[in-house]
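See below for the structure under consideration.
For clarity, chains are labelled A, B and C in written order, and residue numbers in each chain start from 1.
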Amino acid sequence: MNELARIVEALLFLSPDPVPVEGLADACEVSEGEVVEALARLREHYAEGFRGVVLREVAGGFTLATDPVAERAARRLLSRPRTPPLTQAQAECLAIVAYLQPVSRPEIARIRGVASESAVGTLLERGVIEESGRSRFGAVLYRTTDLFEKLFGLSGLDALPDPAAFDPSPEEEGELRERLLRAGAERAQD
Amino acid sequence: MNELARIVEALLFLSPDPVPVEGLADACEVSEGEVVEALARLREHYAEGFRGVVLREVAGGFTLATDPVAERAARRLLSRPRTPPLTQAQAECLAIVAYLQPVSRPEIARIRGVASESAVGTLLERGVIEESGRSRFGAVLYRTTDLFEKLFGLSGLDALPDPAAFDPSPEEEGELRERLLRAGAERAQD
Amino acid sequence: MPLRSLDLDLEVFHGPFDLLLTLVLREEIDLLEVDLAEVVLAYVEHLEKAGRLDLEATTEFLVLIAALLELKSRLMLPVEDEEGFDIEPGEAADELLARMLEYSRYRAAADMLRERLAGEHGYRYRSAPLPPQLRRVSVEAAQQAYDPEQLARAVGDLLEIPPPLDLRHVRRPAVSIEQRLRHLRDLLGRRAPFSFDEAVNGADRLTEAVTLFALLELYKAGEARWEQEEPFGPITVTPGGGAQPERRSGEHRSLS
């Protein structure tokens, strides 16, 4: 490991947040190209599956994190509880915010078909979404935070998969439509 | 590196304080002898002079720390003052402190016509103003700091620009402090 | 008032409002059988009990109830096309389908996020305080980031004394409630029944509005009754049974 790689390693170790390449280049007084090269060397050292600590690219920067191999022992040592998984309602609200941000709560409710204040409140409390101004009708708008990207291991919002991939197949859609039309026709006969 | 060494590495990475061998053995659910062996393996990896992070035995425990090689870059990355644009409230509070120092918070509030806790708090936190004793009435007094002069590119307080160029009613009589207080009292009446 | 605490007790559905549209979208409840007016009444009652208006929750309710109303009104239109309706038979189904598809997209995205979070679970980030020597902001590393003129300008703003408010354009209203109350009582005493048009007889809109307000006051006090056969039709005013002339002098003080 050359000196620059050592310095970059130390910076990632110290910094509480992921550091973007520009930030590292600035701090080390070298070019971004040199930082990218140093990161490549570091990546060799921190190849997943060999070490207890891994190099990750999340929330628009680089950071070190522990490998899941240590999860059980880490919980015993730090006696910090697991972060609870998301409920279905929370996950739906988060998905809508992630894809449509900035988005208001009434809009979330419109899509989900249920009022969503409790789920949105929990997401705010857990710091994965935050307020982001107001719509022209005065409703608070929400967006995701860096913590969201960090917790979900996303290098950035553009790392989210295309939502069209989640749409039902044309066959499924046709079937659903068929069912709805049948239901409508039955009603008309009553 | 075997799995136990990986886990020990992860634990030392996460823990903000040195961890004694017993603590590590407990968390990993292995004997202390096994932990000592794992630490020996880790020490090979973290031999001083080769990495940005080193393994240290301090205060009855083991810990990871950065190598001094990164000191300068770390200072540049992490000790850098935060300088987001000032809000109007912050600019007003800072201007009052800069031109009238030392000045108390109640006086700042009287001049601005609104309570100014949050803005003054932010300025304190960013290190551009600091406490400077107490007034005769016991209120904390504030003055600007060296960092303030540096961030505003001022060679000293006497290099502050003359507010006369922005004075809306230059014909008014009185000292700056007196006039600011008078204007504040007028505003407060609305 | 949180929407989730709105409990409904309808003929076809008992439970929180939250659940209603979900069940409708999942076709577990027939929207045609849901009395939406009941839902609105329950909400208004709830608002009244709460005593304050949570704008966000109310907007949410309006959005949801509007969606339900729209869906229901479409479902209620006859499927066999009659003249005057240019809505295709399948349109209600299309509307519902579009909503269900949009929702299913985000439900699938939600599953993806949950899986992703579960997969990330073992990764932990370090959150240790900085070593003491790095905690202090270093003055040497600081570079100019602000324009000192900003401070002088802020002082200039603070020296500004606001001009006194110009109130000349605010006139005292030429029509007072007292005046219109007197006028109506006079008519009630002399010419009842009379029509509202007679009472305002060619006066301007402000006078009309204040007269209507005065009439409401008289109605509330039981001094007058009024009838309107059809929307926008003539309003006939008759004396009410509960006139209490002895209270006249003081009862409307709060309006002056």
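Keep this in mind: contacts are C-beta pairs under 8 Å (C-beta built on N, C-alpha and C of every residue); 3 or more make two chains touch, one makes a residue touch a chain.
Quick caveat: nothing in here was measured; it's all calculated off a predicted structure.
The central chain of the assembly on a C-alpha centroid basis is A. Distances between chain centres, each the mean of the C-alpha atoms, put B farthest from chain C. Between chain A and chain C the centroid-to-centroid distance comes to 35 Å (mean Cα coordinates, whole Å).
Separation between the centroids of chain B and chain C, computed from CA atoms only, is 45 Å. One simple way to say how far apart two chains are is to compare their mean CA positions; for chain A and chain B this gives 28 Å.
For chain B, the set of residues touching two or more other chains reads 10, 13-15, 66, 74, 76, 78. For chain C, the set of residues that touch two or more other chains comprises 124, 126-127, 130-131, 134. Every residue of chain A that touches chain C in the complex is listed here, in rising order: 13-14, 16, 54, 56, 63-71, 74, 82-83, 85-86, 88, 91-92, 94-96, 98-99, 105-107, 109-118, 137-140, 150-153, 161, 163-164, 166-168, 173, 176-177, 180-181, 183-185, 187-188. On the side of chain C, the complex with chain B involves touching residues 124, 126-131, 134-139, 141-162, 165. Within the complex formed with chain A, the residues of chain C that make contact are 2-4, 17-19, 21-22, 24-25, 27, 30, 32, 55-57, 59-64, 67, 75, 78-80, 89-90, 92-94, 96-97, 99-114, 116-127, 130-131, 134. Those residues of chain B lying in contact with chain A across their complex are 1, 3, 5-11, 13-15, 19, 23-24, 26-29, 50-53, 64, 66-67, 69-70, 73-74, 76-78. Those residues of chain B whose C-beta lies close enough to touch chain C in the complex are 10, 13-16, 65-66, 74-76, 78-81, 83, 86, 88, 91-92, 94-96, 98-99, 111-112, 127, 146-147, 150-154, 159-163, 165-169, 172, 176, 179-180, 182-184, 186-187, 190.
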